[in-house]
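Beneath this line is the structure, given in structure tokens, with notes to follow.
Chain lettering (A, B, C and D) follows the sequence in which the chains are written, and residue indices restart at 1 in each chain.
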């Protein structure tokens, strides 16, 4: 049975992906923050030491709190550098992806259109997007696809924390609604189920026509 | 029964999409160049006058020949302006997309990384990508998703015309192969079948990790 | 004496560039719309037939009117295709740029962030930006730099036509003001005066920190 | 007398900028790695504690060594995170930029087109480009321009370390040569000298027409 590891798979988008991969017969391991906290490198090292091999890896983590630039402390930069960047690097350095597999990365629309309130997330997710792009090339030879999904506003607990009046806010969006985690889960499932491999090294903005850039 | 119109659906990527939409129960109308030649505006006007309504529209057309900038004549600019840009505009001005529907546009990786040999294609496909982006916003209110798929090198007759020694050429690609039309057909099918709607207003580069830009 | 040709040099940004190039000793020829109307191909053909040679070419033209997509006629598409794209192509096919020279293109921030009201401009300026990028490569061997300047809201008659209450509008901009044509004129002058050649094949967004994309 | 601080100003591009700013009358303070090592946070903290105020700040630093992803250690990630990202954040949190001033950031073409050999640089420079973009908005109100210059291959000691046979390599570049540090120095000088302020929040690729993306 094929194996998938979904980091941050206990809620939100990660949970939806875990659930959709289960529905097509994958043996899905999810980690919650209690089991693997990428902001804590000793947790990461402990996790990767068992030499895991997977067919699908989903790199996903909650975002840092909204903070103004001037108020961000050295400790906070360090912590979220671990959480959003270094932890993922260490995981990719250690976990083996089987030939023909997939690595999905869940970032955010802020990688292309940075957001002042989400400056930490904008910065470190961009950094990891860069690493991810580079790795897509070397893994391509083993027929492993690297797909970076950059969601806009999705209906998760996280979004509810960030936006005060969501009912009102939704009306300002092109589709008059937030995206649903299930849409992303289904998207991932579709790629895998149909063995679509040539989609690799790319960012899939998933934002309900809300971005400003043409490409 | 839901209706799909696939322009340029008689071969290559268009044919693969038509076939995949048929497989999930769509009533698919395809047009070959003989039935609808977007480089000929009278053909376009004739085609759109029957007030068609569709659930899915796939805007797809073959590319112009490889030509050096200095050798392109006024007539050629005009012809391919019609084929790759104006014909599609006139179709979108006239054909009704039903609420909850989809419009897929097949462009090319040259919209982001222009190619000297494909200068006509690079230019006019970029132009239409811009129109397409703008329209994604207004159609979003009707829950219609606009998805621009930008393929890299796909295994079609077109690619065989453009590249001399494909066997050799493939070895230079990250995945050591061209993409298959079926991968794009399956991708389109998956989006539709799973009713993924929040993917809109975006370009999906479909190039086997071959592009240079990070996003 | 070195020669510069500034198309659309009778007002706005073109005039500011013409004036700044004069100030550093260039023999500047400007064309107004009466002398060279790029929307009229016979005007373009007439203009280019004298086999002009220049050291600096500035491709600049006014924008089309704000129009909704559905209301744009075939004739309008054609006219602005000439004005914003084909006329410039024909000029570049015929006018010789001397070795070590410059070609400046004045586009708009809408090439990266298309604007629904300026859909014609967004589309055709994008198309020409693609041609311009491609040509930057071939001209590089002759030490000719191609620089695409993409202004945001600049204090010109054009902007006053497009925006109702400019006083109020300016307050919404990051710098609380429009850009000045002179800033772009000075920018062009500086590049030329300092013989900066390695800046080529790039888009210089000139928008007072108003764009959303990171790059 | 106006004051400029050029970090990493003892050689290469930093030195050229320092020299060009001196030539137009700025009181230029440069720091070498011995005086301010952004990879060492105690060095940064020591440096910023004197509450410096400047009119122009140039954020510039050497790049990390070329390393394969799998061989990068935790300590190396941490060190270069400091050098290319966190040190600069701490400097911007503490040093006051006078109203009407400038902040220049020297990054690299790898922020848009990541390079496998320069994966550390690609990642952390991208991250800081994101912070820089966000800050350009808030500083705009004080008429302070933020300009990110992303050089391609420039004729510096660094480039000589990275490329084996530069003579041969240059022939593969569109301009058949590396860029000169002086071109970037002159570019910075021109912006400042002409008080061009509306150029802000943007990336200036400075790569001799060598990039692949259109924008």
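Note that in this section a residue touches a chain if its C-beta (ideal position, glycine included) is under 8 Å from a C-beta of that chain, and two chains touch if they have at least 3 such contacts.
Treat the numbers as computed from the prediction; the structure is a model and nothing was measured.
Chemist: For subunit A and subunit D, what is the smallest step count along a path of chains that touch one another?
Modeler: 1
Chemist: According to the touch definition, list the chains common to the neighbour sets of subunit B and subunit C.
Modeler: Touching subunit B and subunit C alike, sorted by label: A, D.
Chemist: Between subunit B and subunit D, two touching copies, which fits better, same or different residues at the interface, with half of the numbers shared as the threshold?
Modeler: Both copies, subunit B as well as subunit D, present the same residues to each other, with over half of the numbers appearing on both sides.
Chemist: State the pair with the higher C-beta contact count; candidates are A-C and C-D.
Modeler: C-D
Chemist: Which angle of rotation, from 0 to 180°, maps the CA atoms of subunit A onto the equivalent atoms of subunit B, to the nearest 5?
Modeler: C-alpha superposition angle, subunit A on subunit B: 180 degrees.
Chemist: Centre to centre, by mean C-alpha position, how many angstrom separate subunit C and subunit D?
Modeler: Roughly 29 Å separates the two chain centres.
Chemist: Whole-Å distance, subunit A centre to subunit C centre, using C-alpha means?
Modeler: Inter-chain centre distance comes to 40 Å.
Chemist: What are the residues of subunit C that contact at least two other chains?
Modeler: 111-112, 114, 122, 126, 129-130, 133, 137, 211, 214
Chemist: Among line, ring, star, complete and other, which best matches the way these chains touch?
Modeler: Contact pattern: complete, every chain touching every other.
Chemist: Spell out the part of subunit D that touches subunit A in their complex, as residue ranges.
Modeler: Within the complex, subunit D contacts subunit A at residues 41, 69-70, 72, 74, 77-78, 81, 85-86, 89-90, 92-93, 110-111, 114-116, 119, 122-124, 126-131, 133-135, 137-138.
Chemist: Going by the contact rule set out above, which residues of subunit B touch subunit A in the complex?
Modeler: 111-112, 129-130, 133, 136-137, 140-141, 143, 145-146, 148, 150, 152, 154, 174-176, 179-180, 183, 186-187, 189-191, 193-211, 214-215
Chemist: Per the contact definition, I'd like the list of subunit D residues that touch subunit B in the complex.
Modeler: Touch list, subunit D to subunit B: 111-114, 122, 126, 211-214.
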